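Each of the next two complexes has chain A plus one other chain: chain B in the first, chain C in the second.
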Partner chain A sequence: MSLKNNLHQLKEKYRGKKMAPAFNALHTFLYSPNETTHSGSHIRAVDDLKRTMNTVIMALVPVLIFGIFNAGYQHYAAVDAANGIIREASLFGNFLTWDNFIMGAWTVLPLVIVSYGVGLAIEFLFAVMKGHEVEEGYLVTGMLVPLIVPVDTPLWMLAVAVAFGVVIGKEVFGGTGMNILNPALTIRAFLFFAYPTWMSGDKVWVHQAVDLAGGPDAISGETVLGFLAQGKTSEMSYSVADMFYGFIPGSVGETSTLLILLGGLFLLFTKVASWRIMVSAVAGSLIMGLIFNVAVSAGWITETSTFYGLMSFEYWKHLLVGGLAFGIVYMATDPVTGAQTNRGKWIYGFFIGLISVLIRVFNPAYPEGVFLAILLMNVFAPTIDHYVVKGNINRRLKRAKNAMVLPTDGEGKAEKLKAETV
Partner chain B sequence: MSKDIRIKKGLNINLIGEAEKSISKAVVSNVYAINLLEFHGITPKMLVKQGAEVKAGEPLFYNKDVEDMLFVSPVSGELIEVERGARRRILSLKILADKNQESIAHAPVSSSSSAEDIKALLLKSGCWPFIKQRPYDIIANPEVAPKAIFVSAYVTSPLAANLEFSLKGKDKEIQAALNALNKLTPGKVHVSIGKGENSIFSGMEGIELHKVSGPHPAGLVGTQINRIDPINKGEVAWTITPQDLVVIGELMLTGKYNPERVIALVGSSVKAPKYYTTKIGSEVSTFLYASGVNSKNFRVINGDVLTGIKTQPDGHLGFYNNTVSVIPEGDDYEFFGWNKPVFNKISSTRSLTFSWLQPKKKYDLDTNTNGEYRNFVLTGFYEEVFPLDIYPLQLLKACMVQDIDEMEQLGLYEVAPEDFALTEFICVSKQPHQQIIREGLDLLYKEIG
Partner chain C sequence: MALLSKKDTNLLLDPLSDNNPITIQVLGICSALAITAELKASIVMAISVLFVMGMGNVVISLMRNIIPSKIRIIVQLVVVATLVIIVDQVLKAFAYELSKTLSVFVGLIITNCIIMGRFEAFALANGTWRSFLDGIGNAAGYGVILVIIGFFRELLGSGTLLGYKVLGDPIAKTGLYSIGYENNGFMLLSPMALIVVGLIIWVQRSRNKALIEEN
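On to the complex of A and B.
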């Protein structure tokens, strides 16, 4: 009770001051504000942006926890493999162990802290500078970023990328709701294009693989897609179950298709994410995968081709490896940068799936295309919406034209109307 | 002949405090007031001075743009106050009622009266402002004949007065009003009633009857226009509410302006919500305290909770409404209100909100915004509760950036602010939709007229 009153007095004291947004941001985390309606509807539904963003974060937490364990597991598995011991992944046997957790937490949590720390600091700075409230968008972005980067990303790189992504990807457009590109993917793309030698290759996906490279204890950190791209399919020892449960190397949060699927179902159940985008994106990726499979089985692509490994990969397995599932569930469904009309969402999602697999297969430098596909479709989303809305506009114009033919009111008013609009 | 209209999209907001079906006569008010802000877009020119004695039905001011359009006093008495705001704009007029009421009588119309006669009577008697027009959602321009006139007698707004009950026995007046309106349009008079409801309108003559079913906003006249005969650019349609038909009908039969009406006093802050007979402009306290309130911190709303105008207990009954809602003010903080599970508020999602479990449950909602103003972020939600063939988010954005071409193309002509009440209710970004649409309409009116 007294905490509430004290905070209320502090809020009144800071009202109109420069630091008010910063104080309010913290205050509203503890207490939802005492604001009442001033115009229009006198009552409002309970949902606000904080609750919505919180729902997305809840859907991400299991993925993060799994990512922490997997970071540790992949490290120890690679060390074992370097010593000639092949591990069989088992959830309670060698996955959910303290060693894995401590090793994983030690590598993953710093990523989370840097992502939130740098991003939120910039959000607060802009809120105070521009005098608006601190927006919630970064709560989700800050959680997504550590999940879509390789586990051994140097923290300074991450900090630079986050700063770039938040300022150029979002704040210059006017903050949450105004941005054209998904901020988390802008950060990912910045990392990829600014530090390509670090961000691609077969070493960054497993903790310490880079440090130990070349030495006597060198360990491998190749992803499934990496194996396929290099045509080393036979060397890969991961089963379909491994891929589905997520016991494979990859970006921190992208490996467990099962948990992503559950998170996606949770988002659909809460109605926070668009089922249209998810369904059409899955359909798009399956169709593209099928096209490649057909091309291989028809004999157009032979084993000598560079693309043989990825093109012959069964179409449905594309959803199990790499960041495709994660991208479809958590990134493509971003309402701000996606298509905003229901019909547009079908088209938008479908092309994300299609182009993801397309880039994944044909990208010679780096066998993954989800983030590029989503960024590309982010750019096209307004165009898609434009044509969908145009349909409505044309329907209205046509209706007006037809109405004028019928002289409902005499005295040539119909003709007059026609003259006006022509 | 009747036609069925089925609305699928929408949301019924079930609230505590529905009016019990019994009518009391409200205490006679001492002071009556006319709130000029209700007559949107009218520039008033006073006809009488402060301190003047007026009779019931005597004109107080006229519309500067249409000089025949008079606004009259609901009672006889003394004009005691002309409240002015910034730039001397007149905000409200207050009349101290006399003990003996006298009213001005006009010659009633007969079945042979012409459209011009009827129009002239409506204008000089002060009943014209009951007729509103689309586009722009303003008082109808008497110089333009509408392509059709729409009346919605299907009530879906939260806690709004039950028309079957509140219009009982007014058959004669309503038929007279409908006959008169029929002469004012070359088109039809469309009346919508609830499907399966025993409506007073089902026996009326000279109308096109539509049976509507579905959740709110199926009862809004804008939704029905969109389904029956959408407004195109350059066309005008008139709308009028059933309770105002009663006043017009009585004028047609007797020649007198009688502002008496049955209103519903509703809301969770009212101890005994019920119906009252009172007059337009009466002080709210004349019936509010007869029913009693159960807290000190409440908000009185002229109209329903989605579209009404905030007033005070010493405020006055509005010109158009037949409902007065009283709900708790929500000016308090809530600990972890943004992330804890919520069972006692309505939500359009299922993000730890559980109103989807009990769609029929009645809620006690207060005026808290449940969050802060943000940019538009989420998409696809408005469409779920917006049955018009219009893109709501895109239209709102067009209004915000004042893109007149796009506002026209996306169908701003067809809507009124009230059509956006439900999207405003569920808006996660807490944007003021009705205000945005109102400002858009005003801009369009100013630029195109």
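On to the complex of A and C.
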């Protein structure tokens, strides 16, 4: 008697009862059900929702593990910096150490647990209330959330935000697959606007920095974007390699561009994410960055300008810092909230990249604009699709109207006419 | 004989729940989002609208047979504007600080769709007493929602109610703040007011299924 059979029997036993969806959910969550379709012919494919979600989670695991090490590393690095010790990041020397891992796991894993606990509890609650199956949609959201918040986010705030995001961002629209906004980003946006002091500044990115603030052991860690936004470019000690490998302060999972790149390639290889969105988003951000670089080199922006630090930042480096890479790979490619048509995906992705960099540079209140850009484009995605589809219909209509009706008599003549119309 | 007939009672009570101007007709949303960050402002706004609407409906109803229908909107505007200016002046005289908080929104009562809507839909076609009841009822329905939104926004956003620190002092870290609670800044922003309105609509419609529109 395997667990699967036990669950199946429980499911049968509770059929029609109020709690049935909960058992059904557990069953379908862990196993593929025995039931087959009852009518008609169906094509059975392996890439169901569960498989899709698990693929994304697999792509996120390296990022999470790196985030755990980085959380510990940034803490010890900030302590060293406060004591005047200059630290050179090296992968095996001082990054992949047990100290870092334990410190990081101690701070990051509670975030993961709270995110999954609260989110899945609400999913089950709504499934039981509405009598439908629990969808696997929250699996990815629950993993994304701890990766896009600062390490020291208080757990109750995260719980409130997750509850808000899952209910307002997803359940009111009808659950997984019906949501307009990306739930993980809704949660991030809620945290950002509700508790801004915990989401920005130079204290929140390093574990314990908030607790120790003002004391003799005070530590801090400013993000690269933070340095640039304040015009303190010269004080920043991070090299391009640090930014690429991810040895910089930031939200838990967003720092390592290398691992995000690998995760992105994995998603593209498994065809879970859309390469069109990724490519166009990268292009959009590069173009916006280039425009700013040109504006600086043309002398329109002088060093006294508040925007100088960010505008003079080389265009390609925008992809290495902040959440841009993470957002493009894991958030913008969300198949539910993104554009559905191929041409729509190009437009959708392009504007995500463009607006991300635009907000990043021009709005000093939000040193990071990726989540706002993606949420904005989430709202516009249906509109984009609508016009793409309409444009397609119009083009075909026009072609149908202009097409010449071929005469049926005389085969040689018909061939000639065909050649002319094509 | 009862003070109010059954029909009159319905005029007064329907807008409070099943025909609420904000949650059912979705009118007057602008002011519901703009001034509800504090409970006090919500209450003053509710009372101001109650006055303007009760009086306005009476005046329009009295004049309903002599207003040429071609210029009725202008006449209605003049009536509302007069009443609004009275409210504005009273507020400036007796509650100056508050009138500064409400700022332009007292003046914007003129454009409150509920008022013009009731003039057009009810006062122009009904007697004085019933128009008065209708005005009071609709203004109360508007006010109730305003107060509910204001209550939650002030409580969760600032931790106060009518200015009293009911959840403790955030700076001295007393009460709830001593265990790490923090005010929700999002509550003070207008988008959250819209979401609160949405939640009220959700609750109301799940309690009374008859209100759900078919589509």
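The rule is short, and it goes like this: the second predicted complex is superposed on the first by the 383 of 422 C-alpha atoms of A that agree within 3 Å, B and C clash if a C-alpha of one lies under 4 Å from a C-alpha of the other, contacts with A are read in each partner's own complex, and residues count from 1 in each chain.
Rule of thumb we're sticking to: a contact is a pair of C-beta atoms (placed from the backbone, for glycine too) under 8 Å apart; a residue touches a chain by one contact, two chains touch by 3 or more.
Only a predicted model underlies this, so the values are computations on that prediction, with no experimental measurement involved.
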| item | value |
| --- | --- |
| Winner by number of chain A residues touched, once chain B and chain C are compared | B |
| First (chain B), second (chain C), both or neither touched by A:I113 | neither |
| Touched partner set for A:V61, first chain B, second chain C, both or neither | neither |
| Touching partner for A:M157 - first (chain B), second (chain C), both, neither | second |
| Touched partner set for A:F269, first chain B, second chain C, both or neither | first |
| Chain B versus chain C as contact partner of A:A121, first or second or both or neither | neither |
| Overlapping contact positions on chain A, where the chain C interface meets the chain B interface | none |
| In the complex with chain A, residue positions of chain B that touch it | 13, 145, 147, 158, 186-187, 230, 232-235, 299, 301, 305-308, 310, 325, 327, 329-339, 342, 345-353, 355, 365-381, 383, 389-391, 393-394, 409-411, 417, 420-421, 424-430, 432-435 |
| Of chain C, residues touching chain A in the complex | 180-182, 184-187, 189, 191-192, 195, 198, 202 |
| Touching residues (chain side chain A, partner chain B) in the complex | 4, 7-8, 28-52, 54-55, 133, 135-137, 174-178, 269-272, 274, 276, 335-336, 338, 340-342, 345, 385, 389, 392-393, 395-397, 399-400, 403-404, 408-410, 417, 420-421 |
| Chain C-facing residues of chain A, complex | 154, 156-157, 160, 168, 172, 190, 193-198 |
